[in-house]
Structure formats: structure tokens, C-alpha cells
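As written, the chain order gives the labels A, B and C, with residue 1 at the start of each chain.
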Amino acid sequence: MNTHAAMPNLTGPGGGPYLRNAWYVAGWADELVADEPQAKVFLEEPVALFRDADGVAKAIGGRCPHRFAPLGRGRMADGILTCPYHGLGFDGSGTCVLNPHQGEAPPKVSVAAYPLVERYRLLWIWMGDAAKADPATIPDFAWLDDPRWEAVRGSVVAEGHFELYVDNILDLSHANFVHPALVANSFTLGERKFWQDGEKVFSRYTRPDDYLSEGISAMVGTTGRKQDFIGEVVWHAPGNLYFDFRVADPGTPYDQMTLLPSIHAFTPETAGTTHYLWATARDFALGDAEFSAIMRGALEFAFEHEDAPLIRDAHRLMKGQDFWDLRPLVLSGDGGGIRARRQLRRMIAAEQGRVLEDN
Amino acid sequence: MNTHAAMPNLTGPGGGPYLRNAWYVAGWADELVADEPQAKVFLEEPVALFRDADGVAKAIGGRCPHRFAPLGRGRMADGILTCPYHGLGFDGSGTCVLNPHQGEAPPKVSVAAYPLVERYRLLWIWMGDAAKADPATIPDFAWLDDPRWEAVRGSVVAEGHFELYVDNILDLSHANFVHPALVANSFTLGERKFWQDGEKVFSRYTRPDDYLSEGISAMVGTTGRKQDFIGEVVWHAPGNLYFDFRVADPGTPYDQMTLLPSIHAFTPETAGTTHYLWATARDFALGDAEFSAIMRGALEFAFEHEDAPLIRDAHRLMKGQDFWDLRPLVLSGDGGGIRARRQLRRMIAAEQGRVLEDN
Amino acid sequence: MNTHAAMPNLTGPGGGPYLRNAWYVAGWADELVADEPQAKVFLEEPVALFRDADGVAKAIGGRCPHRFAPLGRGRMADGILTCPYHGLGFDGSGTCVLNPHQGEAPPKVSVAAYPLVERYRLLWIWMGDAAKADPATIPDFAWLDDPRWEAVRGSVVAEGHFELYVDNILDLSHANFVHPALVANSFTLGERKFWQDGEKVFSRYTRPDDYLSEGISAMVGTTGRKQDFIGEVVWHAPGNLYFDFRVADPGTPYDQMTLLPSIHAFTPETAGTTHYLWATARDFALGDAEFSAIMRGALEFAFEHEDAPLIRDAHRLMKGQDFWDLRPLVLSGDGGGIRARRQLRRMIAAEQGRVLEDN
């Protein structure tokens, strides 16, 4: 237990309200190993993740009702998660089913049970009304689980409110400035289009017949040649983004372009910290470990060491104030982020039975 | 001065109210060396500890009334504690008796003087009304000062409210889960009894004719043999606990069992940090340095690296809320901790002239 | 960007009100290099510092109005400061003059422009009404820019409210206690005089015919000889201090004494942190790098490792309370600091159109 990181501090004003009836990414499925439960915090709530006796991933309330210890730091005993402090055992429904003391019956107590679905190599958690949790509404990231695709990936807890991270992906015009080694002019000079379709928000960048960055050119093997480029981001509320990145020799039909699909999933941990999970895949150079290592290193540097510190600083400079109260200047690149922020605000209001006068 | 740790931050909501008319452990007496004053914080109040010209340990208010420097970072001059900032000198009564400037008289000012008693190799401080400080009410830890006993010991500032640390010792049923290397089933399966006698609270664990853990068996030389076990904890308000640990071959009379006496003393530093001082003694293998080193290492690991991180996390998951407001589940092992919490609450109310409607 | 320190946290109660119509030191001029903008915080406001195409130092609001990124982390493009996040460009007047997206016009937006003057190798910033910024009121530190003087210097962000740092220099009686290696009795036993002249406050220490400390004696080459000593501190509101330190063989006329001039400039960063910039010069041993290294090391140790930790701890022990509310004891050495605190309070009240009933 002593080798675990400390639980985050949870006092102070919160970062919500949050959308509760929604699927959030809770982590990489294969990182949740049998007999190694995890203690995490989502939406400022402690959650314990574990695999039951059948290997099924479960998520239950992460604070023991007895003495408030982090259940996710406990041990597994026959598929039961036992509290690290006094050994009460909870099953995947959050019900206390084990009392190791004096042969007594388990107390009639339970912690929350969060619907948890393992899909596309990810764990998806529902932090709201379980009766409304429909796995069919989990956004499609099938390529993550498709052997034709090989992904590099990462996950990190990053400082900053999660909506700032969502904004970052929905406005890829930042890339030229934040990731100088990775991109060229496409995101700044290419045609941009933003739109909403149902609850989804889209950002599309199109730049035909121009040079890619040296880094991307080398990665897709087009160094020195102009390319067509189409990048499309899809936002699934509240914080799951798909990035469809396509390049090809000019004139290549859309479905024959080289595709690099990405996921950027943001789940709020606390008011000021965000679980950032990412992956980018390719359907070439499969099994090439050196290629993977270079690709992974470049992306990890971009997301965790270029984006994250900048968003951390913007978060700090916001001084805990509301985004809209700060009256942000709107640029042409904000069409995606602002649609998503407004959509999320509407969804939260609807969920809480509130009527928004503006928006 | 620059090598000292920084004073703790003392802003934010406090962790009290605290019982003021009570003896708290202020540290190990031999760690308060002549000419080396100490700056500590007890009950969110800065305190300066030093030895006067006669070597008598003294405790006075730790914040200079001039410019608020930590007096305990100062130097001794002829038994007078001088402020590290501008040199005002204070005697053991807290009276300013030295003004090094311009030959001027000392200003008519004083800081608090806290009754301080050196007993059982410990410093005992009284943070309340000095007129009520009766050294006869210091709980008996005579074995700490008895050459027939050899103790290993430690002290650390640990994160978490001090009552969580008290709870931990009064409910030893945690040991099977938190200290897997140290204990066996005795604390979980043995007979438990909790009671109160005056202001003291007792927890007793009895387990005849069973195997001890490998670690304890090795320590007391009973590897492979079943033993009788009796463990008794006595709580002295507000945070001083005696643990009487006895093992012996089955049927051995109580007073002939092998005894390992322990002290666990908890003194609040701030709302979220606790001075944790501990010692465990033996009356065998005296002078055996290797034995001591192994014993000390095992206990330090258990208290400082197994208990403390878990209590820190439970403290964080309580989010600054009141213990009772969180409606903790009560288990059969809580009979000691709950009696102590209620007794302490009554004593604080009585001290403040308040009437408790419940409790 | 990722190699930069994080922006400070700016939430919580502030440390003001601050005097806004005043010159604060913003840093060493030569540390603001072409093409390397800086992100700093003064008076709890983010500020971006950079040199324009003509090499002129500029200071503008440090938070981009678009998405709140720290402008001072951006890049220079033809003398224009571009935001590190989406590339909006701002000139030295704070006006947005560059929009790199889609060939669109720059948005009609601007950030604050702070008058900034480069003088005496320092950058002086005016955090208030630009119309009132008169460079003629910058205090005279011409020796910093005079080839007859060779200075050692430093700058650091130190914990503690900036007025505590001002107090420290205006009451040099602390030196005997905080800097034992550096000084002797002169500051404690010498004659003291404090007075105010207009908005300036003065502290003078005079000690004829006494031994200096070994350190100072060695520095000025008078080991083993008694010396006359005159030290005079001048406070320029709000936080810029000149220290005129003179020693000589007894009876030497004032203007023939060996002079070591110093600057101590304190600019609030946040409520609890202060930019501390210092320098001390000599007009002998010019070009002697070893002499400079020893002198610099001794002063850096004194200011950054003796003064700063003590002031940090005093700041913490004040628990965020107002200085006067804590009813500080007044000693004879406080004549400078108290005059400065009262004068600053009057100036702030006047600037805000408030009438002080006391003071």
C-alpha cells in the first residue's frame, strides 16, 4: 500500500456540475489486472476498480463506509474486494458480503455500483443513474480492438479542468504553435468546418496539396512530397474525442488515404485535474517496435509535455473563475469547442431538470 | 536556520476544538538538547521548546510578539531563548528578559508559558490552563524509563487528523489487513472486549492456543509453537495510548507471559497533521543491537509506512468533513474508538462549559 | 515550454491592496533577451515581458484573452509577441495585431500595456494608471550602471508577503542575529536614527571606532583594525530600498569612506510570494572574479538562505492575518519599517480615494 500514490485532495470548491449520465473512460482495460484493484477518483468521487472471480471488471464506490479507507487499495479474496483497513468485503454490486471479524454477518451496507463496460480495450464508467446506462451509447472506437490496427498509447493525470483539454482537441489550430516539431500549416491555413449533429460536435480541417510537417511526413513515408490532408475531430459528450487524421498523395480518394485514428479521452478527476488517456493507431509497419517507440515518444511529448503544461498554466491563470465569466475572445477556430461547451451545459441542465435562459 | 524544515501552513479551517487541559506528548526528552531549541506546532499553536540554564525543559509560545519569527529557531544565551530574528530573549516563564538593542530595557511583554514535564523519557506539555496542570495525571509509562526494559522507538509527523490515529490503535483488528507481515488471526478472530473506566477506554484482545504470525513468533522465540495471546490497549485522553502485548506457551499465568509494552502518542500538529511518537520495549535480548535494529525496522515500517499512508488517504477521502456527519458504519471492533471519541467530545464540551444534548 | 516553471497558483485571498501607481522592479534588464519573452506575475497579475523589434523592453498583460494562456511563454515574430497556444500576436501596446488563422484580421482586442522603463540595468514596471507613470520618479540607482562600480547580484522568488521583506531591510538590527558570519555589533549597539522626508523613509546606523565582523573586515581589507561605520537605508515606496554601507579608518571624512552600495527590490508576486532582487557593488578589486564569487556567495547565502527562510516562517506564523491586527510589539529598531508601512498605507488609501481615520 505504501508504494501507492496518495489520494488527491478533494477539499475546496468543486469543478462541476458534471454530466453524470454519460460514459467516461476509466482507464485501459488491460491495466486492470486480476488481484490488483485500483483506487481512482472520477468527478471528485473515489472509485474502486477491480476484476471479479470471472475476470469481469467492476467499479464500486471507493470509500469504505466504515472508516473511509480507499477500497481500491484493498486486496482481492475470491473475487471479493476487501478493504485495506479492516477487511470488509464488497462484491461487484457494491454490497458488503464479507465481514472477517468474529464470524459476524456482513453489515447491511453497500457502496455505489457504477456500470462499467469493457469495450475497445477501454473501461467505460457511468457515474450517474445506472438504470439509464446503455452500453449501446458508448462511442465507437472499434479500431482500438482491431488487429489490423496497431496503436501506441498513454495515460496520465494532468493538471487543469477537463473542458480545457476537450477544447484543445476540438481546436487543432493550436498544433502549429504548441507542437512545432509535429505539424505544419495545415491546421492554421487549411479550410475549417465546425458543426453539430445531434449531441456530437465535429471539427474538420482540410488542406489539399501542401507539405506536411517533417515529423508527420517521415511517419507516413511521404517526405518531400505534397499531400492532401483531412483531419476530423468528433466530440462525444462529455470528454471522449475521436481524431481521424488522413493524408495521401493529392487526389487520392478519401477512403484510400492513409488513416491515423486517435482517441483523446478526458475524465475529470478533481476540479483541477484530469485523467488524460490517448492512443493513435496505424495500419502499416505493424509489429515494428522501433517505429512504435518513435511514434509513441513523439505523441507522448506532444500531449503530456507540450499540451498539458500549457493547459495547466491557462487553468491557473483562470484563477478558479468560470470560463464564460471570463468572457473569452472567440476566434474562428473555436467553433468546435464552443459548440461542445454549450451542448454539455445543456445536457447538464436537462439532467438536473433546470431550464437555461440563454445558451 | 536554513537547514530547518519550514513551519507548517496554518491557514484554512482548523481541526479542533481540541481538549486543552490535558497532557500531550511533546517529544522525546533526550532529543531536546541543551543549546538546541526546537520549533514545533501543537494544536495549531507554535511552541518553542528549550532547556534552561539548569537543563530543565521549557515550553513557551513559539511566535515572537515583535515580528512573529519562530522563537524555537533561536539560540540559547545563558539559559535564555533568544529570537532568531532580532534577539529578544525569553525565559522559561515566557517573559521577555533580554533586549539586546541599545542597552534598552526588555519590553514588558511575554508569550505563553506551557507547563512542561519531563517524565518517562518524554516531554509532556499542557496546552490549557496552567493552574490545572497536575503532573500526577500524566499516564504511567514508567517502563520507558526502567533499565529492565529496552525500547525501540520513533517519531514522525504524519498526515491525517489525530483522532484517526487514535482510532487505529484502539481497533487492532486492522492489523491483519494493514500489517500482513506482522500479525496473524489473533486480532480478527480472538475475543474482543471494550470498556470504559473513568476517563480511560480499554480494548482487549484474547486468543488462546493459536499460532502467532511468523514475525512475532521469531521475535519472541516461539516459532512453530501455538501460544496464548492477550493484547490490551488503554487510551488516556486525548491521544496517549498504552498497548500491553503478551504471549506465552498455553496456560502460562498472565503475569508470567512475555510482555512487549508499547506507547503510541498522538498530538495534533495542524488540522491535517499529527505528531506520532511510538516505542515498543522488551525485557529480553537486552543490548542486542541487531535484534533492536530488526525490531525497530519492522515497527517503523508498520506504523510509518503501512498505517500512516492509509490513514492519510482516509483523511483525504473524508474531504474535511466531520467524522460523525459522515455517519460511519459501526463494526464490532469499534467499541474502543467510539468510546474514546465520545469521551473526548464530552471532555471538550465540559471544558468549554457546553452541554451536549446527545452523546 | 515544458521546461518552464509552472505559473503560480492565484486563488485564495489576495495580499493586497497594492499601491498601483508606483514603480516596481520587474527584473534585470539583461536577463530579458531578444526572442525570449518572460512570463511573470506581479501584484497577482500575469505579465508578459519581451523586447520588441527595436530591442525595447515591453510589458503587457500576461493572459491571452482568447484561452487564457500565458503570453509570456510565447514566441517572438518580427517584434510581435505571439501566444504560445494559438498564435495571436500582440505588440508592445498590448494590441492584438496578428491573427495567423485563415488570413483573418486580428480581433479588435487588447491586453493591458504596462509602462516599462529600462534604467540602471533594471526593468521598472508601472502597474497602475499609465498616464501617471513618470520615469523621473524612478529612484536613483545610477551606480548599477556606472563602470566605476562592479556589482554582484541575484534574484529569487521568496515566500512571504513583500512588506515583511521591506521591514527586514529597514531594520538592520536583525543582522547580528540572522547573519552571524557577516556582521558584528554595529547594527545592534550603534546609534540609530529613523526619519521620513516626503515619501521616503530612512534608517541610519552609526558606529564609530569599533571592530567590524571578520567577514566584512576581510572584504574591505581592514582585518584587525577598528573602523568607523555608517549604514543608511532609504526606502522608496512601495518596495525599493537603497542601502549605503560605509566603513573607514576612524575619523575619515564621510565622502572618503569605503562605500558598498546595495539595492534590495521587492515586488509582490502573489499574496504569499515576493520577487526579491538584490545587488551590492564595490569600487575596488574591479575585475577580480574570485573576489566577486566570494562576495556574491556570502550575500546570496545571507539574503536567500538566512533572511528568506526566516521571513517565510514568520509569514506562515501570521496565518494570513493582517500585520496590524496581530498587534506587533514595537522595538526601537522599528522606526523605519513602521514609517514605511504607514506611508504605504496612506499612499494606497489616497490612490483609492479613501480617508484613513487613524494612521
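Just so it is clear, a residue touches a chain if its C-beta (ideal position, glycine included) is under 8 Å from a C-beta of that chain, and two chains touch if they have at least 3 such contacts.
Here the structure is a predicted model, which means the values were calculated and not measured.
Engineer: Counting shared numbers against all numbers at the contact of chain B and chain C, is it over half, same, or under half, different?
Structural biologist: different
Engineer: Between 0 and 180 degrees, and as a multiple of 5, what angle does the rotation take that fits chain A onto chain B by Cα atoms?
Structural biologist: Rotation angle between the two copies comes out at 120 degrees.
Engineer: List the centre-to-centre spacing of chain B and chain C in whole Å, with centres computed as mean CA coordinates.
Structural biologist: 44
Engineer: Please list all residues of chain A that touch 2 or more other chains.
Structural biologist: Within chain A, no residue touches at least two other chains.
Engineer: Using the touch definition from the top, list the residues of chain B that touch chain C in their complex.
Structural biologist: 1-2, 4, 6-11, 39, 46, 62-70, 73-75, 82-88, 99-104, 107, 109
Engineer: Which part of chain A faces chain C closely enough to touch in the complex?
Structural biologist: 159, 164, 167, 171, 173-174, 176-178, 188-189, 192, 305-306, 309-310, 312-314, 316-320, 326, 328-333
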